[in-house]
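The two complexes that follow have chain A in common; it is paired with chain B in the first and with chain C in the second.
On to the complex of A and B.
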């Protein structure tokens, strides 16, 4: 058994922006953020998912940070795809960075990956999801029920079904597990 | 009497409340059958199982269906804000709800009107909301895992997802994280930190650690932390002194896992049927 922590090296385009005016897209819930993120990234826009500034924070939310110069294009894209944006605000305050630390535990026949407070475990031979643990948001038991028994990368993903930050953290653990299994 | 507040992963379940019945590995509340998966059903099942075994009376539950969109959580918060002051519970345990600062504060204000004032235990999403609201000190016990402890220790993080990288959620940092959480007033009166080594702590420092029996697979099994929160809640409500209850619950939880002899693929319902036997074993062989 071994345990290690590591931080993935960020590609250059994900490095901190400096001096570029940015705005944030605010949505009703995290599942809308996940839909919008996928859509906007598919069109090649440079965005980052972050935590909202304190004045609009409820405790379980994400916003999408984008370059203000791209506002009209992104807004149009979301409207065309019927993704409702609650607010678009300029960035005036600091935004929180999501966790990007993972830990791995090897149980021999099973492998577990943790991202933030969420853990996913697979059977190494079949690559079947055998357990989901951690988390405290209401979609965790739902995601566990839907994911356990599915094969990694072949069934539904947390991205498609999650609605909260715990769901988003599980998506990160799921993707990391996929990456490790493809090595 | 003890009451548990939380959600179940079925969007069609409205706000329901009532005494909990545990029968043939199924939970029943107000005529609704609830599968014992992880989360609040796992907490409820472990609490009900132990209190039933101790013949210490029924467990009451306030539940709502929610798959993460927050609709059920918000209905439950509103229901509690409007009605909780009319109830009398010795212990109130809050669990899987979508963290929401405003709703949490309304529930907390309503609870302050309860007479007698119940002992307050929080875990999972409701604990996140309590910390984010800056009201952790109003609670008697939080039961975080190490990742959640790092979140409590990070005064800027509104959710474990945003815990800053320098506050590492590593087991060997637990004493430091406990201290930091108390320094920033982001911990309840007591902390029971779940991990390879369980920590019983208060603002005065670490009271006890429990690291045996060690069952490696339990970390991977969803619901084992919920089971521990359920056990400690049951023991406290049964009249045991808080500090004693925390260490005892940690031992019973680990022994329950030992008796089940799990792999990382086990599900929580296969483990928690050993709770009565584990209780007897720990009570009869305390060391």
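On to the complex of A and C.
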């Protein structure tokens, strides 16, 4: 187990050789990433939302990784739906980090899920959202106000309300919480 | 005499959970919740208001906040 932990990550070229060549879509802001992700996924393309490598980091903290073979189709889809892509780049940097890093903490009567920088806590018995914390994005207080007091799965979805990286991370935490509670 | 809950030194969501437990026990009356971050101050305020409690006053001293909350 420890050996696995200390193993070096594969450099990008090795990753490319062992897998399918990928590219990344870079956007100016997070709302466009969220819109694009929804559109692309609806059409059945395989994509992942990730944190950008440091050298291409601009204003937006998220990029979409896609299979290069689908570049033309995805580009056309986004153009048709008026989603502006700032740049399309091949994946050369293995420092891309997935945003879906979860941690779960059980507080007895309450359960907390953290995804990236956002935490959601529910009351286990009633499955009511009791706290939203983390982030630092301007929409966090709004998201918290809308979600606290709602029952899991019955209130509005963070994805529909949020327009920032925090909103996106909160959606991941919310979905993970729903998944855990349905087990 | 108000009850006092010291939630200083705890990180989110613990101050909120401690407060929710306390107001569940008390049901009504007055409670002073002490926290030491802006985030905890906001989160505790939001959580208690959702439970029908009122934030009557927030005192700030030396980077610590005392939230006076009550329910009739």
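Basically, the second predicted complex is superposed on the first by the 151 of 183 C-alpha atoms of A that agree within 3 Å, B and C clash if a C-alpha of one lies under 4 Å from a C-alpha of the other, contacts with A are read in each partner's own complex, and residues count from 1 in each chain.
By our rule, a residue touches a chain if its C-beta (ideal position, glycine included) is under 8 Å from a C-beta of that chain, and two chains touch if they have at least 3 such contacts.
Just so it is clear, the structure is predicted and the values come from calculations on it, not from any experiment.
Q: Applying the touch criterion given at the start, work out whether A:116 contacts chain B, chain C, both or neither, answering first, second, both or neither.
A: The first partner, chain B, only.
Q: With the two structures laid over each other on chain A, which partner does A:133 touch: chain B (first), chain C (second), both, or neither?
A: After superposing on A, A:133 lies in contact with both chain B and chain C.
Q: Would you sort A:51 into first (chain B), second (chain C), both or neither based on which partner it touches?
A: The first partner, chain B, only.
Q: Just checking: does A:21 make contact with chain B only, chain C only, both, or neither of them? Give me first, second, both or neither.
A: After superposing on A, A:21 lies clear of both chain B and chain C.
Q: Have a look at where A:90 lands relative to chain B and chain C in the superposition and call it first, second, both or neither.
A: Neither partner.
Q: Using the touch definition from the top, say if A:149 reaches chain B (first), chain C (second), both or neither.
A: Once the two structures are laid over each other on A, A:149 reaches chain C alone.
Q: Using the superposition on chain A as set up above, list the residues of chain A that contact both chain B and chain C.
A: Overlap of chain B and chain C footprints on chain A: residues 107, 109-110, 112, 119, 121, 123, 130-134, 141, 144-145, 148.
Q: State the interface residues of chain C toward chain A in the complex, per the touch definition above.
A: The contact residues of chain C facing chain A are 12-14, 16-17, 20-21, 39, 42-43, 46-47, 50.
Q: Flag every residue of chain B that touches chain A in the complex, lowest number first.
A: For chain B paired with chain A, touching residues are 7-9, 37-41, 66-70, 72-73, 95-102, 104, 123-129, 132, 145, 147-148, 151, 156-165, 168-170, 216-217, 219-225, 263-267.
Q: What residues of chain A sit close enough to touch chain B in their complex?
A: Residues of chain A touching chain B: 1, 5, 7, 29-31, 51, 57-60, 96-101, 105, 107, 109-110, 112, 114, 116-117, 119, 121, 123, 130-145, 148, 162-169.
Q: Which chain A residues qualify as touching chain C in the complex?
A: 107, 109-110, 112, 119, 121, 123, 130-134, 141, 144-145, 148-149
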